[in-house]
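Each chain carries a letter (A, B, C and D) given by its place in the written order, and its residues are counted from 1.
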């Protein structure tokens, strides 16, 4: 703890000298992290690029994601189609850009939802203990124990395909793991001195969770976020393998990789493009996660 | 005359950082004679622990020893290769650390950890090692040694754990014991017992290099004391003479800041300013900016150690003068 | 210790019952009448109605539920609708294959994972560190079926080193183990690396070196022993995950495992087979989690005596 | 660390020799995508390989210079009564089942009765015998219309005349089983599945493989293949790799994308000469629910037909391996009308017709339901149809359903539009017309919902016309009304079934109707 306090003071001092207001610990860490950890900075750039590509997809490409040109199916990258065409004669670059919308949403939305549910239930279970803890944890055990692919299939069969159902499925699959981690973290925090001190001065339950427990879980939650986002994108491609998830003609990276699988040796570019983009996204999220965790985790001795 | 246990001359340890290197230990020389306890005292961050680690060869990368000589009974430790150094560590040369809570392996019974020290340096059977461990426990005053040796670190009190550390260090009868603030984490009663133990070891011929920031402990225990400031030894000398007739302004400032019964009611002196950051030492004498006697010569160059009386060495141009 | 064990077992049973209940409700909600699926393209509605009655699916929900729970406890899951073979027999064969695949994948993942993790930690920020961490990230970012396909094409098809697919002899389990294990190896390596880096900063490492331990000795006897605690828990969870069947790897390598059987059961709305496979793999996962907790308390003395985080 | 990799490398080298396992002679190795579910033909209408190879039938249908012809097999001679109701059969004597039990006329009777008692699948032929309704209801143990004279002679009386009866007796459903040694494990336990055909079932490992071996007691000529191993390989690319590396002797290219078939097999001289293709007797059609919304209007259905470019589908999705279909009776089936003209691809004409029918741009919306388990070529067909219809202002979105959910929606009669295929079981138009337009319940259950009641009645009655030319004329008239006038569905195409033969196979004659299941006896291995 000591050297971080000193660094903060140092930064604080410098900010005061050049007339800015006091610097909040959070922003100072981010500022310092980006200066020090170039990989994290680069990954933020990459993620921004992906988001921009997703948003400006219609502008960037003449085709629409479902234009089928059966005449030149499976044609290699050419001037007309920079990344070639897939088995339905659709332009791969266009589908990649439109796919970015769905895949990033699939990566982010269910992960955020599952982390919110998981964190809430996890802290409550950890803090209250007793019956609530057992009930929540047994519920989590059930979801964790149930073979995830089967659970996904049952949900998708019942509700049918479509983006919202994929969100629901992925959120349902992931919340239990988050809850379990957050509960363990809450238990650990519960018997640290400063929590007992806060309890001693009469801080009430909900305030305790929001002001003291959750902020300390932040580094873990951020790491979970950056690990689960790429995992969600990949799970979607497994869902496509089993015939669920996003269905053509709409596009997502996972779907494209799965659709291209059978053509791996006759038309490898169908898999290569989405496969590479997924890898780039995974690396970006992971480096960002590592960077954030190191920056925000106070007792993280520098690696 | 008799061989000195430890002779450190002009030792320098440097750490490369992106803002140019810095030297936590800068041209340090001191000697520990056989059966003598030498104290190394100073504020945190002055380099005393780093000096101890240099002797043990435990400097963690990216830092490394970049100058000087360390003689253990005439052998230069810096010239030894890894294997030779390892055969000394725990055998001829041992160390005890500050925080007993974290210095023992949490998942291994304490008895086993001490046996390990024996088995590393003595070709004896496991059974013999067990016997010596129990004996070592008894020497350091651990009651019910048999039961204690089977328990895990988290099942023992702080004092007991420190005794285990000392037993572990002493089990191979090392020539030199380095104790890095062994009592800082203990309460007063435990501290007294540990110091008593140290005196017994000294009487049995073990030389001890005792590191602490607590002047009171140093005064009670050490025969000879060195005061460190910003990587250098500001003043060293016989403990009694040093405490009664400090000549270096920093030593005086330190002693002035210590409250004691016979100076009840007097204003405690404080030393203005704060310890310079490791990388940005002022030109000339490091204590200059905080020193009442500081003048051009002090700012010009860093004073060399001068022996103003037998065994009493000081790094100051105006040693002994009293500010006007 | 006994009391904690019993309460954990009790909770696991409740979880298993919960899964059975959840499965029963799901099967009533999922569209597609099992009888219709069995009759396939040619079945007409009259035949389907007759089949529904024969399977007892037209009885009131409650009677079906109690018969279902009765089956679960007595362990007889009856005969599979589509394969008209006893479910237990089908699962027996399938589980053996899944067991071999899981063990092979786990072995590959752990040996590679721990080795890479240790080397990456020791050579922190060196070339090997970035190389191994990069490879482990690759494992996480390529879908399993793509890894399987690439392995099959180059190693099996082009080089003829190993059989492409099928289950003849131990050699046909090497490639599936690599494809399935690579992902787990990645997470093990990353965990070993970060835990080891934490532990190497601890004071008792300095004590060990001060005792005269060599760098390797410190690593093996002191650092790894402590680093293994969280890693072993992750490995136990991974193993129980693998044991509940890896649908994609089994499909790609034509291994008749529990995962594939379960997917076949749900696509064919084969209720007895589905009950059997799901309850079986759930029981395996729950036992795995239980094992992981117990293993943790055995390995970490700090928890064994006192309560400690569960 | 280096030691570890060295061990791994030599471990693999050691294994290299075993990969391409040597194949003893007389062995044929093939693969299928999905395992069979049962060996009992009374319980399945999909898994026909074992019934076809392990059992005999009274007749067999073979391709004779391109046309299916019904040949005698167990039956050596038969006569039909004047009113077409009664058939007198003589069967081959001295035929035994693989367990030595004799095959007699009473076994044939037992086969008919067993189908009716189980009453799960393939009962539509046994139902035609008089007295079948009593057996179905359990009121009678035996079929009144079936009289056994002696071991090799029996006669069958139908409830109404059906000239296609001998052709129906050649379908796998009518495989003769043994009355005396029938046991509970029949159809699930290999040793208890006893037939009189050229092969016996040696073993069946679920989801892995099944093995057939030559039946030494077989009455017919010994086939070239003495042992058949069919392994279950779910992934198409893995099947390709196993075939190209010599682990399979024959590969069924039905599920593969035509582009892969073209690049991997057609373009490669080593294999291009070894491709066997046969007509898959049946047809793909775009089903339009005649009662849902705008599709109930004949003009709209015709506009849909005009908007879809079938030739483009054949050229690009089937790489030319398909022929266009124009009516309801597929090519290769007796009664097919070759000079029915296809609907010309005319998007502008379609738009005009839609306006004429009173529908503006984008006003017509319906859903094309796609079964997720169909091959990718069929899925691409749906997407192609959808984008063609969008071009003429019809908003037809493709929605994917899981197989069971798709089946349920279709059987409920509410599915608006879907691409489907009907494969012919026997060589008679009734097999398709009666199934889709035979009764109001049947057409509703297939989500066609054809509305013209007296046409439905005529389709049912047409089966009973004994005189071939009269029956032909009636079927032709019905086809003209159903498709020509009412466009009940949009006929698409009939695809070919392609196989590729390995080095060890001399020749192969596929099933006459292009089934994936084949007679192992029709494969000749190189010596």
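Of note:
Operating definition for what follows: contacts are C-beta pairs under 8 Å (C-beta built on N, C-alpha and C of every residue); 3 or more make two chains touch, one makes a residue touch a chain.
Just so we're clear, the structure is a prediction, and the values are computed from it rather than from any experiment.
Ranking A-D and A-C by contacting C-beta pairs places A-C first. The central chain of the assembly on a C-alpha centroid basis is C. Here the CA centre of chain B is 91 Å from the CA centre of chain D. Each chain gets one centre point, the mean of its Cα atoms, and the points for chain A and chain B are 50 Å apart. Distance between chain A and chain C, defined via averaged C-alpha coordinates, is recorded as 23 Å. Among the residues of chain D, those touching two or more other chains are numbered 237, 373, 402, 404-405. Residue positions of chain C touching 2 or more other chains, listed in rising order: 30-32, 149, 153, 251. Only residues 11-12, 14-16, 18-19, 22, 26, 29-32, 124-125, 137-138, 140-146, 149-150, 153, 197-198, 201, 244-245, 247-248, 251, 259, 262-263, 266, 278, 281-282, 285-286, 289, 309-310 of chain C touch chain A when the two sit together in their complex.
By the touch criterion stated above, chain B contacts chain C in their complex at residues 56, 58, 82, 86-91, 94-95, 97, 99, 102-108, 113, 116-117, 120-121, 152, 154-155, 165, 168-169.
Of all residues in chain D, those touching chain A in their complex are 236-237, 256-257, 259-260, 263-264, 312-313, 315-317, 370, 372-373, 376, 379-380, 383-384, 386-387, 398-402, 404-405. Chain contact summary for the complex, chain C toward chain D: residues 30-33, 36-37, 39-45, 47-48, 50-51, 82-85, 90, 93-94, 111, 115, 119, 149, 152-153, 155-157, 159-169, 171, 174, 251-254, 256, 260-261, 264, 267-269. Of all residues in chain D, those touching chain C in their complex are 1, 4, 12-13, 15-16, 18-21, 37-38, 43-46, 119-123, 187-188, 205-208, 231-235, 237-238, 241-242, 244-245, 247, 373, 402-405, 407-409, 411, 441-442, 445.
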